[in-house]
Amino acid sequence: MAGNTIGQVFRVTTFGESHGVALGCIVDGCPPGLEISEADLQVDLDRRRPGTSKYTTQRREPDEVRFLSGVFEGKTTGTSIGLMIENTDQRSQDYSKIADRFRPGHADYTYHQKYGHRDYRGGGRSSARETAMRVAAGAIAKKYLKQEYGIEVRCYLSQMGDVTIDNVDWDQVEQNPFFCPDASKLDALDELIRNLKKEGDSIGAKLTVVANNVPVGLGEPVFDRLDADIAYALMGINAVKGVEIGDGFDVVNQRGSEHRDELTPSGFKSNHAGGILGGISSGQEIVAHLALKPTSSITVPGETINVDGETVDVVTRGRHDPCVGIRAVPIAEAMVAIVLMDHLLRHRAQNAGVETATPKI
Amino acid sequence: MAGNTIGQVFRVTTFGESHGVALGCIVDGCPPGLEISEADLQVDLDRRRPGTSKYTTQRREPDEVRFLSGVFEGKTTGTSIGLMIENTDQRSQDYSKIADRFRPGHADYTYHQKYGHRDYRGGGRSSARETAMRVAAGAIAKKYLKQEYGIEVRCYLSQMGDVTIDNVDWDQVEQNPFFCPDASKLDALDELIRNLKKEGDSIGAKLTVVANNVPVGLGEPVFDRLDADIAYALMGINAVKGVEIGDGFDVVNQRGSEHRDELTPSGFKSNHAGGILGGISSGQEIVAHLALKPTSSITVPGETINVDGETVDVVTRGRHDPCVGIRAVPIAEAMVAIVLMDHLLRHRAQNAGVETATPKI
Amino acid sequence: MAGNTIGQVFRVTTFGESHGVALGCIVDGCPPGLEISEADLQVDLDRRRPGTSKYTTQRREPDEVRFLSGVFEGKTTGTSIGLMIENTDQRSQDYSKIADRFRPGHADYTYHQKYGHRDYRGGGRSSARETAMRVAAGAIAKKYLKQEYGIEVRCYLSQMGDVTIDNVDWDQVEQNPFFCPDASKLDALDELIRNLKKEGDSIGAKLTVVANNVPVGLGEPVFDRLDADIAYALMGINAVKGVEIGDGFDVVNQRGSEHRDELTPSGFKSNHAGGILGGISSGQEIVAHLALKPTSSITVPGETINVDGETVDVVTRGRHDPCVGIRAVPIAEAMVAIVLMDHLLRHRAQNAGVETATPKI
Amino acid sequence: MAGNTIGQVFRVTTFGESHGVALGCIVDGCPPGLEISEADLQVDLDRRRPGTSKYTTQRREPDEVRFLSGVFEGKTTGTSIGLMIENTDQRSQDYSKIADRFRPGHADYTYHQKYGHRDYRGGGRSSARETAMRVAAGAIAKKYLKQEYGIEVRCYLSQMGDVTIDNVDWDQVEQNPFFCPDASKLDALDELIRNLKKEGDSIGAKLTVVANNVPVGLGEPVFDRLDADIAYALMGINAVKGVEIGDGFDVVNQRGSEHRDELTPSGFKSNHAGGILGGISSGQEIVAHLALKPTSSITVPGETINVDGETVDVVTRGRHDPCVGIRAVPIAEAMVAIVLMDHLLRHRAQNAGVETATPKI
């Protein structure tokens, strides 16, 4: 049973390979009547798009998304929405040398073993290019959440290599190509990337996603908890190796008396929980962190095997990002938005008639 | 849309509250012909069971599981398996004082807001007691995985508070009540727990799950990746706030040349990836870590509100674990086993006729 | 991927064999706050129960259902509801002779081939006894539909053998053991059954299900249409071989000008469609018919083979219904109620904010 | 929760409106390594395509399907397959007059009520044009079933109006535009259609689908039975009002001694069951019938209301089929093929290791 779908009520199913004809997806379950245009989606696609700064890959794709269905006279109809981005800058000649060898750290080996056959051009289906459709679908969710419930989902770079970022000024995030919320760290980031490019190497990153104005009550215990579904969605982004909610791994060395967020008539005193209790949103800010590995597409030569099991060298010659974490910012937002959208609709299904109990703090 | 089911092909659906009549679950999709008895399940249930050591809660439940269907003449029939554990030691009088107040750090507030009404006895559905059924269902998966594929899923305590555990001797894990793989750390753990009891406080923990002999090829990109589903399953355990695969958050400060696991004709040179590439198992050991928060059920008094929004005190008087991470060891194993079982069957569905490509390293 | 679950939002998963320990099910996704008791379910269970009249099997099971979870202080909590009926009158000795042979017209042969192993006692999982849990789960749906939306789902016997029933007086249906809506046909039915018993044979039946007060708008095109899901649910009842919506097979010889239901400001002029247009409820009565085959459990000797492929005789000696269609009346109601409940909640998920357009006729 | 997906393991999700930019679908879960080309799909698309004979609508669409992903070097890769047909002959001017009125017998009214807003051009999403993608996806399933298991799924016209067809010569079916298996009935059909055109009216039809070489064991009781899923799939085709398996509604007046198919060492003596027992395929031919209503798109004037609730006339002026049943033949085949494909893969998931018991007759 293949796994190209995310969501139960707000369902996103994607298709497409890095160097195929097109990328696309179907968004099923979007409420009718939402005003939406391709321009609404293009904003986030452009934030993810390669070639926009010297810090990211120079592959140039306009990444223009088109609605193929589900939107009529500027509004969603409630039927399935077809989306497509045609691949234009394919340069498949770049990849001929790696058709028969498994790039270490990539999915070449595992796809080959699983399917017995794979599209080797640019990583095929396993390429991060596929995430463009997640961003497009996520933009629909973001618009609905914002417009109908005032919910905002935003993300920033919280660490790259040893450059940690503690001051969060949301106004800064969109002002620099790193999505960095602290202007004082921009020089350090610039230097880090420049050195990596010189060395032909790459670096990992940590991102932080925050959703605010999320109503209390979203999440479905005991398995489809909001935190469990956020973990699933974020871990499912290419290169992600870790996910935290709220204090995350810091809880290992915390006391119960320190961690538990006490309640007062005017709200919670703290937010160690990251806005989720028992798998259900508490009405506080939802806070999640994710760790992205350094890309394996580097010019430092590496050792691997080919499909015949013989030792061969591998050197990536294509255009790649020194830190894939940067462009993952809109992807992480999209994934959390899709999860929240799905849980919002799921909650409505079962609880439409319920009077929300007082006090709602 | 409620979320009490995990798995697509091997599906586990649970029911039951801490102080209700019974806990139970349905395991659907188990292959027929598997020899299984209640005793096979009881082993793991006993590992999770409270009251077995001085380090865990003294609530005493025999936790005897019964097959209600799906097993005939000692073998699974391929039809749905009904499982039940009757609640015997309920003591609901302990909980009368908290019926109208929201214990901080617990799901009382969020359940109340979501459903407008809740079973307040011992946390009701949000109690970790519910995980007994996960352990029972996981034991079925573990037996099948072991018997048919030689796959083993094991877990150990890798950190509690500031006691870190680096030496892993699997033979030690079942020899002590902490599931600690390093005998030299037992005294430190004992002291930590004793102090916590004195203070009436609790502490967090980190666990590590390892699955070996997992064949290459399990996992369904791009959303139902093996790592994404493990993250979902582990984050869905009560008290978990973080999940890592392989090097986890350490990747943030790694270089690509350091992180990528090179391949040789005799196998991978390293396992930074934790056995998963592109969301698909690589044939290496699968390694996951999880962080569990300190339980909020402590005797240190706390501040909260009641259902009328008034400030009230809360002190937990019941029987509780100073470190809920300890008893989570068999739960984490069960969750990973359920995920692996599900992905194994999913893989078989789509790929039955595929010749696994050589070389299979 | 096993198939013991029906429904997407209101989900019912069943377990249990005819002569096992117990039958049970989990109802997940029921809205919280519904007042419900075991007595509410027992009414329909008693209508389905064997041994209540001389026209049905004399197997005597009290079929007492118990809530194991999900109901607290008389109201649903929104969490998963566990239900159980213990098997008491098992008499498995009756079935020893058929352990190794395949009763014609039964699922013995197909279960044996599919699973390689089966519970042969009373048909095991394939016994119609399993439908008791559907009736129990359906009773929850019926109560919610009635109370919150005024929707009623009712069923009657519309034909048995050559006894056709055209006059529908709902007041009659519950007044006789045949669920026959026309008192003038009772004698003919009585005679038919008496003759069948004498001959040791059985007969088919046709049932009609009607749901009224169903709001316009339920059903999810293009696959999960309301009519498609009703067809799935009714065809999934043991012994059903045909399902019709509205005029059903009569449409084959109708003209478009005759079939289409014209609209007026005060409503539709006719209801050939059976209350569903384009897979969505139209606000009219929903009408479905189903055909049930004559049971193969008869005392007329038959020819078959055993597990070794040798020709053997088979004669049913147990207690059986001459017309299984009679007791299927509450089952058909339950299945349609489950489908309507599920679609009602699904509709709410996606369309909560939509102003229903005028005119609503 | 929207319903544009069919299948659990072999999953087909469609999008597209009659007069939108394009129709498309994603086929997820297709086994890798299947040789397939667009030409394989075009064969069935051409059989469904309008404008190919004087008996069907003259709308001319080339209906050229394109693979957008999932096929590489002529073989499926195991990843999601994107398919698209661009709409070329849209003529949306034809439909301007019906934008504000509800055509009787169509989904205009129900879509309007459900979603508050609809694409009125040519029926939008509710148009039978959407079924082109089902045919395309079904062609993939048909190729796999045929090549790997020798399974064939075929369909023929078994009745139109009062012209019943009892002699089945498969060689005839593809020789005439009616898919009629009896050459002696062609004149009667021709006359019937000519008269209908003269009158501006339409007629219903009955189709019969037969699948042979289906292995024993497909189908997942107790809900996802093979017969239940076939009923769901066929009832989900536009205009279908009834579905039968095997003897269908004839069973109402059959005796058990007549209906049950006895077994002998060389096979079943008869096939009243239509190849399915207990919801599981028996290895016999699978036989299903479906009834399609006469289209409501006729030139006979009708009465209806507009969106303001006022009485208005409606006359269909576009190009329409006098009998939509004819072009439904490849659609019915596609739907049954999708169901069989899905159940084949589902069976493999759970039963891979099971030795099929002897005797396999």
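By letter and in written order, the chains are A, B, C and D; residue numbering begins at 1 in each of them.
Everything below uses one rule, namely that a contact is a pair of C-beta atoms (placed from the backbone, for glycine too) under 8 Å apart; a residue touches a chain by one contact, two chains touch by 3 or more.
For clarity, every value in this text was computed on a predicted model and none was experimentally measured.
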Chain hops separating subunit C from subunit A, counting only touching neighbours: 1
Centroid-based (C-alpha) most distant chain relative to subunit D: B
Interchain centroid distance [CA atoms averaged], subunit B/subunit D, Å: 45
Separation of mean Cα positions, subunit D and subunit C [Å, integer]: 26
Interchain centroid distance [CA atoms averaged], subunit A/subunit D, Å: 38
Overlap residues in subunit D, where contacts from two or more other chains coincide: 1-2, 4-5, 8-9, 14, 29-30, 32-33, 78-79, 114-117, 125, 221, 345-346, 349-351, 354
Touch list for subunit A against partner subunit D, complex: 1-2, 4-5, 8-9, 11, 13-17, 20-26, 28-30, 32-33, 66-70, 72-73, 75, 77-82, 84, 114-119, 124-125, 345, 349
Residue ranges of subunit D touching subunit B (in the complex, touch as defined): 1, 8-9, 29-33, 78-79, 148, 221, 345-346, 348-354
For the subunit A and subunit B complex, residues of the former touching the latter: 1-6, 8-9, 14, 102, 104-107, 109-117, 125-126, 130, 159-162, 196, 201-206, 216-225, 227-236, 238, 240-265, 269, 272-274, 277-283, 291-298, 300, 302-305, 307-311, 346-347, 349-351, 354-361
